[in-house]
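Everything below concerns the one structure shown next.
Letters are used for the chains, namely A, B, C and D, taken in the order the chains are written, and counting of residues starts over at 1 for each.
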Amino acid sequence: MTLALAIDAGLAVLVLAVATWTIAVRKTFAAVVGFVSYGLLLALVWVRLLAVDVALTEAAIGSGVTGVLLLAAAARLRPTEKGAAAEQPGAALCFVTAILSAVVSAGLAALVLLPTNPAPTLAQAAVANLPATGLGNSVTAVLLAYRAWDTLLEKVVLVLALLGVWSLAPDALWGGRPGPRYPAQRDGALVFLAQLLPPVGIVVGIYMLWVGANEPGGAFQGSTILAAMWILVVMAGLGDAPPVGRRWLRLVLVAGPMVFLAVGLSGFAIAEAFLAYPVGYAKPLIILIEVPLTLSIAATLGLLVAGPPERAE
Amino acid sequence: MSLALDIFTVVAISVGAFFFLAGTVGLLRFPDALTRLHALTKADNLGLGLVVLGLLPQAAGLPGALKLVSIWLLAQLAGATVAQLIARAVRPGGPQA
Amino acid sequence: MSAATVFGLCGAALVGLGLYGLVVHSEPLRKILAFNLLGGGVFLLFGVIARRGAAAGLGGDPVPQALIITGIVVAFSATALAVALVLRLFQETGRATLRSDAPVGARVTDTDS
Amino acid sequence: MTEFLLAAAGFVLAMVALGLVRILRGPADADRLMAAQLLGTGGVAALLLLASSSRIPAIVDVALALVLLAAFASVAFVMSASRESMDGSEPMDGG
């Protein structure tokens, strides 16, 4: 038991060290490398907290895709780094900020050290109703059965964020292709990877979606891997991002939320309320929602990383 | 049988952990980027490879073992490609044009 | 001292660190980074609540875990939107700063929204 | 066996943590990438060991996702790093 605690304490110190370095380092690119390492370590922390679903999400979205998004931005903003260094606030402001941040941390730490007894939990209720959903993974049950309303709204948030990103395009380029066109690589190594990895990644993504019903995994985790594979193909110059004005693309983006909404509305007819599933049909309906949802989330995530349209069609 | 397999696991994982140690020492002590890359790839290939090898007897059936091996293969593929890309970027007079 | 307490304290410290970076850094991209760091700390505090609610044979309360997963995805969308805004600011003005007295070519074009 | 696997996970983690000093010191971005790459591999190894030690096979799936995403992130890193910053000959005036 003490060995496990020692490892946990070491991991916590490591996370804090990487986080401190990410904040303190001068160069933005180095800070992003630190951030990706931070996300990877957090995934390990989630495993230690026995939250495997969260660990999967953190490894995929929190570290991987967010890291790539920030990285591309850091590379583009490199010319501005010099000027920004001159704007650093004075020592007095830094000192006051440090004190106030420490107060916030101390307050939260006090909350952690003063646990309520018994700890509030809905685990019993979640497990008790699991047979009614036909699922084996209680986290998936919360996401798609007990609190499906939240998950539906979250999908809408993703699409709204993409609309926000697109609306930043200059008028002339509206409906064009997002991101830079990556030249086809001359050397073989990257092309080889970009040809070999995506088929494997697609299989893994579908596997994540499939096991999500009973084991950790699910629509988000699967779709993030699909999105990452698509970005890899684009980066290697093997394919190009489609113009965002294409009708089929927009259909893919909204298909998931629309199916979700349709199933939810049909709940009025076939069950007793919005987003209610009729007894015995919960699992098939949840899978019916999750499959198009995975495609839509994958497309949305990929296009969010690609950014607003930058080239005419 | 079970004891022999357990000993195999302990030996393979210990040797794998040693390669991680070697990789880290190399990354910290070697003088320039290319030699450090050399040290890194050893930890990548052999360290993870031996850990996976050691875990195979403990795996849950054939599917579990196949999953472990495919993780190692994927790490190999990615590691080799990234090492190539880093080496090209680092090498003086590399493909700059 | 349990694992949950250790990581809870770690989460509390991360929130403070992220807050500090958010205020002190002047570059918007660094602010976004610090904000994501802060978010990681908040999620960790939630995770501790989930771990303490372990019952019914589960390693943790699934409700906070589902909230964290939703939170990670929403944080990503917000980050993507923020990054796009900073890049557009850079395209428009040639600088990436939040200061209102930014000189040279920092003319704001039609903003009638 | 459980204890041994846990200890091995801790050891691998400690090793890659030491490797992180390269992220700190640099000097070039290439060195930082290498340290991050080592952290990725070590993280995968630690996850596999933890999966076996805690008897939660689903942790292997986390390692699987990590391998794919780490490959993807590393490629993005190398492609967006500037050439000057990679070989450590970055001019001080930024060019």
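One rule holds in what follows: a contact is a pair of C-beta atoms (placed from the backbone, for glycine too) under 8 Å apart; a residue touches a chain by one contact, two chains touch by 3 or more.
Everything numeric in this text was worked out from a predicted model, so none of it was measured.
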- Note on the structure: Chains sharing the largest count of C-beta contacts are A-C
- Distance between the CA centroids of subunit B and subunit D (whole Å) is 11
- Averaged over CA atoms, how far is the centre of subunit C from the centre of subunit D? Could you give it in whole Å? 22
- Note on the structure: Rounded to the nearest Å, the gap separating the Cα centres of subunit A and subunit D is 20
- Task: Could you list the positions in subunit D whose residues touch two or more of the other chains?
- Result: 33, 64, 68, 70-71, 75, 79, 81
- When you check subunit A against every other chain, which residues touch at least two of them? 4, 48, 50, 65, 74, 81, 190, 193, 197, 200
- Task: Mark out which residues of subunit B touch at least two other chains, giving numbers and ranges.
- Result: 70, 74, 77-78, 81, 85
- Using the touch rule from the top of the page, what pairs of chains touch, sorted by label? A-B, A-C, A-D, B-D
- Given the complex, residues on subunit A that touch subunit D span 3-4, 6-7, 10-11, 14, 17-18, 21, 29-30, 33-34, 36-37, 40-41, 43-44, 47-48, 50, 52, 55-56, 59-60, 63-65, 67-68, 71-72, 74-75, 78-79, 81-82, 190, 193, 197, 200-201, 204, 208, 211, 215-217, 221, 224-225, 228-229, 231-232, 235-236
- Task: Spell out the residues on subunit B that touch subunit A in their complex, using ranges where they run on.
- Result: 70, 74, 77-78, 80-81, 84-85, 88, 95
- Mind listing the subunit D positions that touch subunit B in their complex? 1, 4-5, 8, 11-12, 15-16, 18-19, 21-22, 28, 30-31, 33-35, 37-38, 41-42, 44-45, 48-49, 52, 57, 60, 63-64, 67-68, 70-71, 74-75, 78-79, 81, 83, 86-88
- Can you list the residues on subunit A that touch subunit B in the complex? 186-187, 189-190, 192-193, 196-197, 200
- Message: Residue numbers of subunit D touching subunit A in their complex, please.
- Response: 3, 6-7, 9-10, 13-14, 17, 20, 23-24, 26, 29, 32-33, 36, 39-40, 43, 46-47, 50, 54, 56, 58-59, 61-62, 64-66, 68-73, 75-77, 79-82, 85, 94
